[in-house]
């Protein structure tokens, strides 16, 4: 009997199936330090225990996207080892801060299946949840991937396409217990611009760029125990290139967005996202953001802002698609998320 | 008087000599996070405090090989600074888990000396021990290295070749106090295969490969305070290449072996090892394992498995030597160790 | 209104101005592990809690230069974003150890201004202080930078050049409370040479070299939240090179100086420093030191030693300047500091 994991194929999934993912992970200040070494992350709430305590939290939690990467990474061996493409995200919600010392595991529920017309692949929709050592759900998100069939002759399952929200509403978002932005210090946070200073439709060019290195993207990806071959093995693709894990681009772009969005402290919702083009070592990643929406929350000191975050390698701020409606070739990422800011 | 350390030469060693190595080191969750960023390490016992606690330990200890690298690294300035070759290992035993916050130091005893027929070099055998802040021995191993003579005219010492075990027996192995695999969760661990599922002689191809980067091997090697020039200084060799620390290859191969040996949780014994060929940046490291032996332990929930771990850059699983009996040029490492698994 | 930070220009500074820098940072054993992965740091006081406790400290503090980099990094967006050159350092003093868990922030006072004769740039002198979560000053230093004017027509400010000490005297230095080198263990520290073994004028070649990698210098620089473009963006300079943060060279050289100065445990004063030439990836950094001065301290077990630390890429030990009085092109750094050693 073969001992290694061949991954699941399309016909191995069924709607309603629950898959508990392997290898729980205790995260610590070590993971936090590495996150800050790998990305130019400067949001004060994730940098300083003192700042986080002034915002009503017990200490600085793990970066929102670090929690996402750990939860996501655990699902890779079961969900996307044989994936042809990572098609989309929806309904991502951060429900509880992850603190140093917490142990995370993940579990996924298959919520949709649709065989492609070619008969060779199909789309699998899963809702993945991250749980801590107290079995509390710390975050959840839906993603869908195109997966190869093992046997093209296998019968197609009944098509089930889940009804997903195009975007979360503010009522879907959860603020961390105790969090307040009363007495928020914009000098320490790095910029004076509060929630009220941003207009819907406003585009912000984040100016800075970072050139991607092989060692860095591999360290980042391993840190989340995401071991998909294509990120690590230079012999895997014919062109000898290692594909950068899409989450590396997400974290890089989010960190770059500090310059203009320093007060968008926490990501609390993920509405959607597309990895528009592959990213490789040597690419210089830049970012721009567009304000898509704003909403008040239950706490008058906290405003919610919906942002499009675009990572690119040389586009004009605001430019996204060509005349044909397709993403421009220099666009890497188009992410739609909710963050919270001081009002 | 020269202030810098020229290292010891062959005539500086005498049988029975005790050498206390410098620079004690406190290891922490920071070192653990880096270990997991540098290697695709996923064995659950070293990843999750909750999993380790379910196995009867107070928390997740430092990775077995991280402890080895720290203890080994301390010995380099005294043992192998002028070494021509690292010839072998034997009788390596992990005696106590190393926990975050522990401080390690090492000491070596010279247990053998043999001048080579050329008169220019000799073989030094040492037993190196790692101790924690309570002066408890956490691990020990024998290694032997070929060292240059300072003065080729210096007289040869009496030849003493230690009587080393070709392999440890299960009675030589120590299980961590309190450890049990009763109630072991194979879903969380990542594979269903238990000790009883492995057959002596079975060969497992670990499938995945990782391409080596300069920045990564240097960070790893520095982390263990192993500062041998040849790993860091591109001007040191005529070909401008930096030689990868052999321990980097060991850790990479062990981490890759998760895929097929996810339940071989802890290394408890090192029977022997050879760095068959040098490894350089750009090489893609792969691994296969062969089950050499199996044994019951004093705890019925814990089985011992003796494994050959071979790191290579493109060999067939199971292939090791050419018709001439020498290691194939694409074999990097041939390691023989005992691990423990749930029965 | 533009949301991103354009940085300050020469005419934005006035003598007496206090600038509180953004993004406080909690440092941890994670940052310590990374420091030891990025530099071959082996000074025992910063490596081992047990060794530090034997020297009277509660545990091993963060490396002296790590504290400096954090405090310095915070000042970059306000002081040197539009700097043409980092001209000098003076009166740097380490006042309190920084321990894992401490949160650092920085503040600068403008203490001098001098417009250059070109009218296009000016020199800004600041005294920067790092404070912990108890508002205690942990370190301070003066630096001066050449900054562009936004408007060359803007009137020149009154010239104020601060009166800076060419070097601190031993009376200016602060020893950590409780520190003693009574019972200091030179075997654990790695070298037998004590304070009395060094002579003024003595030059020590530190022998080892480290070849610089892009991934490593970027990780180091990000870790200190120093986000100056020129270190990260390969498209920023016409030659496609990323300039290495000068602090990376300082830390590399200091770590290399272990070999010959293993007992120069803590840096307590920075007298001055010049980044003589730019450093780029691929350079192999070496170092030599010269003993400039020695002094007794208030504690008879602790001696102060004033050292010139020179980082270079292939110079002779002791060689610094050409016949024209300028730094040789292979000299990278000329740093003048006080350290403490066991007598």
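For reference, chains read A, B and C in written order, and residue numbers begin at 1 within each chain.
To be clear about the criterion, a residue touches a chain if its C-beta (ideal position, glycine included) is under 8 Å from a C-beta of that chain, and two chains touch if they have at least 3 such contacts.
The structure displayed is predicted, hence computed values, not measured ones.
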> For the sequence-identical pair subunit A and subunit B, what is the superposition rotation angle on Cα atoms, to the nearest 5 degrees?
Replying inline: 120
> At the subunit B/subunit C interface, shared numbers over all numbers used: above half (same) or below half (different)?
Replying inline: different
>> Measuring centre to centre with CA averages, how many angstrom lie between subunit B and subunit C?
In response: 36
>> I need the residues of subunit C touching at least two other chains; which ones are they?
In response: 28-31, 33-34, 213-216
> Which residues of subunit A touch subunit B in their complex?
Replying inline: 1, 3-5, 20, 22-26, 28-31, 33-34, 77, 100-101, 103, 105, 133, 213-216, 218-220, 222-223, 225, 227, 229, 232-236, 242
> Of all residues in subunit A, which touch subunit C in the complex?
Replying inline: 28-34, 36-42, 44, 47-51, 60, 187-191, 193, 197-198, 204-211, 213-216, 259-262, 282, 284
